[in-house]
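Chain nomenclature is as follows: A, B and C, assigned in order of appearance, with residue numbering initiated at 1 for each chain independently.
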């Protein structure tokens, strides 16, 4: 059974159809990249899978380990193993990063029938992960994402990913707002999390990120449809030639 | 601090208000209504000396002239209260006790359910408790230990007999019987409450705590608390309140007076969780409370922290009169209103002495059809050189059927004083909720987490034992507010 | 609030039956009826007392003791010219009122703006009703002349309205009403100077009603420089239709007791209001700025910045209320009041108020009081600037946060000069 299956997905916002029949299959261990110009539905796809309000699924389904994702609330999907690394992680004043992490981690453990994590054990776990990501120790004491730089925010997203150990991680424009050093650190973090039973869906506008997170499959999303699929060389081709050819084809 | 699992579990386990049960206990009640006879009855019940009765009658006679003075300026709407339609005295029937072990097991059971064990072997470590049930104090723990240190911690009815000189000197010295309609009523009919005296130079090593419980139907609770911190002393005092779930509104009109002498410090924390009424606004406590501290001494300090989650109506302005030079007043408040609750609460900081400082941090959270008002006064007298005030009032609205209001008064007569006031209004954004839920939290958990973050500055001033309880309450009070 | 009989614990005041007899009824019968209705409201309530929440910081006891009579338009006072201290604004057309009555002989002809002494009944009493504000009730009860301004184009010329108070041998009061309509897409810049001639005390009690149609725009800059023993109680009601713009500025530099009250209602989405003010007070001057902004509809913005300096035994008051109605989502409403003490003796009272019934809004207020920062003074001293000049510079800079918001450059400069004038007169006094 595929890990994540997207079948003929149609999504509208208001009266406008944004996704016009997307089908994708992600197996364990795979990294899929979705590339496309701005306003083509890339963020819609990630939001719909994660369960954000405001989108109408008019047709199609998404299955996680064979389970209907649309039958679950956003939090249930998260606990079932869908992780969205946000393009713009939200700030929550007064809530320390560590207390947020602990709450999220315990929500997951509870769903798995495990006891809450012991405070000391939690601290040890977080410290080992922050160290691996080159994050300052005191970062987890700061309010979640409040006053974080672009790089810090993205690192915090990867830190959360590493703690919550998802089945499918969706990276929504993770490279936006990152300089090359930060991009490398974040990518290393993601690569370290690649496992045979985990899949990644990397959404990006530029090929740059894919130099660091090397995909197994690349899909070109144009006007709500997948216009082409291929291997990692497709990304290089897009970088060189742009999307024009597909835009023409789709229109 | 993680609020989560326990909160969620508690939310599921209890329907709404977990303190809504009634204790079936025989009680001794005065006839309904208010009159000189009732006041004489209360005074006689407490076996009071004449000077106490005189004080009560003076207050009562003044109250009779105040029929038109019931405060109406607050942003609160409730039907006119019929003061003759309530009981002013109710006490569990029981003979005088020689020790805590003789307390009626039903009462012990009640307090145990409330999380306040009174028996020696179960007592909370480091917290001495005075338990007030309707009109009387039923038990005080750690009495001996406190006595050895010179701390007086006893029901005020007992202090009247044992320490008349202190009671005479300080009772009504911060909140005189003429202060306001409800304080006048309290001065006439108050039944019990706690009395605390901390001797010179002592840092009281124990948290002192009073736990108020209204049990009887149609009964008002009018407690009176008096805390005196003598020179160089320190005390942290906690107050908790609950009441059964009833369809009728019940009146609670308390008066709290704090006196801090030179270099003394009082930390007064309240977690107010009186029954708030049901979702339609039926029932609930009317909470009209006058709390005031006199920072009389040089370098004295009073810190009020309140977490107000209960009551149908809250009318409460814990204040500081900063008389002593270099004295400090602080007010930290979280007020949560949900469903049909209404709160009009804040503080008064009256700067009289030089180099006096005050700080006000108020967090109002409004949900459902509730209204939540911060009302505060900062007054800098002409002689208060170098006075400083900082005020921050933040309101959080959950949903678009509630209201959040900020009404600060800032009056300054001294050129060297600095006052600063800021207020903001915000809501829980869809993005914040979605972000939390994407990390696996339920909506309830997410709301609780975000609101606790919003209130953090206030909650962290609470003593440990209360902070955890308060965090849970924040989540529970907002149950069902989003969605 | 206290029960009704207590509010009306009526203060004695001069605006009784005799005063009414002394104010000739307007010839227009409908207008006369309007006045009678207002008197029926005013008489039982009288002047607002300290128990009236909106008046707690501004007692009218002193004013109530002055034996005012209705001011005469021409009989026992003669104003031959605009007082020379009123600066001519370059390129502005003048409208001159003496004791609230239009003096055509001193006024310029207007271009693109219709001026009439016939009341615009569609506006009169709609935005400042006797029932809602004691000041409007007082005005309507004894209203002598109404002046209507209708703007139907983009008026190129600024209008400078000069209102001169002039008492005869007795203290005199007058109650002018100004009705301004700015039609769809039209715009106007209006400057008002309220001043008086030396002599017996006066009370100016102007009420202004402003109706802005869709996309209309009005800049209204008001300066009140009454004589030191005179009174000024002004109320303005403004209604803003969709996408209309209002920019107001209120300056208070003189007068025994001055209240400038502004109530604005946002009635159409996309309307924007700026309401700013500055005051510089000395002696026993009392200035009260009371504003109320009602956000009735979604998607409107309002912003207020008031700054003041106080010296002597003066008293500055700012009360600002922002009300956001249940459905007025996406409202952006802000207010700020800051005051600076220049000496020992003045008093500042401030009450910024938020009343919010919608959740998706941005609302904030701030307030602060203090004195001139000693570090700033030292810094300037270290650069060789003498203390008097340094203080003047810092005060000017402090007030510039408010005056700097005047978008008309010429008028910003004019208002700044007035403040500089106040400061230099004050430092002369200090030096003497």
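Simple rule for what comes next: contacts are C-beta pairs under 8 Å (C-beta built on N, C-alpha and C of every residue); 3 or more make two chains touch, one makes a residue touch a chain.
Because the structure is a prediction, the values reported are computed rather than measured.
> Chain pair with the most contact pairs?
Answer by contact count: the chains B-C.
> Taking each chain's centre as the mean of its C-alpha atoms, give the chain farthest from chain A.
Relative to chain A, the chain whose C-alpha centre sits farthest away is C.
> Of all the chains, which has the CA centre nearest the overall CA centre?
Centre-most chain by C-alpha means: B.
> Averaged over CA atoms, how far is the centre of chain A from the centre of chain C? Could you give it in whole Å?
57
> In whole angstrom, what separates the CA-based centres of chain B and chain C?
So the centre of chain B lies 44 Å away from the centre of chain C.
> Distance-wise, how many Å sit between the C-alpha centres of chain A and chain B, to the nearest whole number?
A distance of 48 Å separates the two centres.
> Which residues of chain C touch chain B in the complex?
Touching chain B from chain C are residues 1-3, 6, 53, 57, 326-327, 329, 339, 341-344, 346-371.
> Touching residues of chain B toward chain C in the complex: what are they?
68-69, 72-73, 380, 382, 395, 397-425, 427
> List the residues on chain A that touch chain B in their complex, please.
50-53, 73-75, 77-79, 83-84, 86, 89-90, 92-95, 99-100, 102-104, 106-108, 110-111, 116, 143-144, 160, 164
> Contact residues on chain B for chain A in the complex?
Where chain B meets chain A, its residues are 1-5, 429-432, 434-443, 445-446, 449-450, 452-457.
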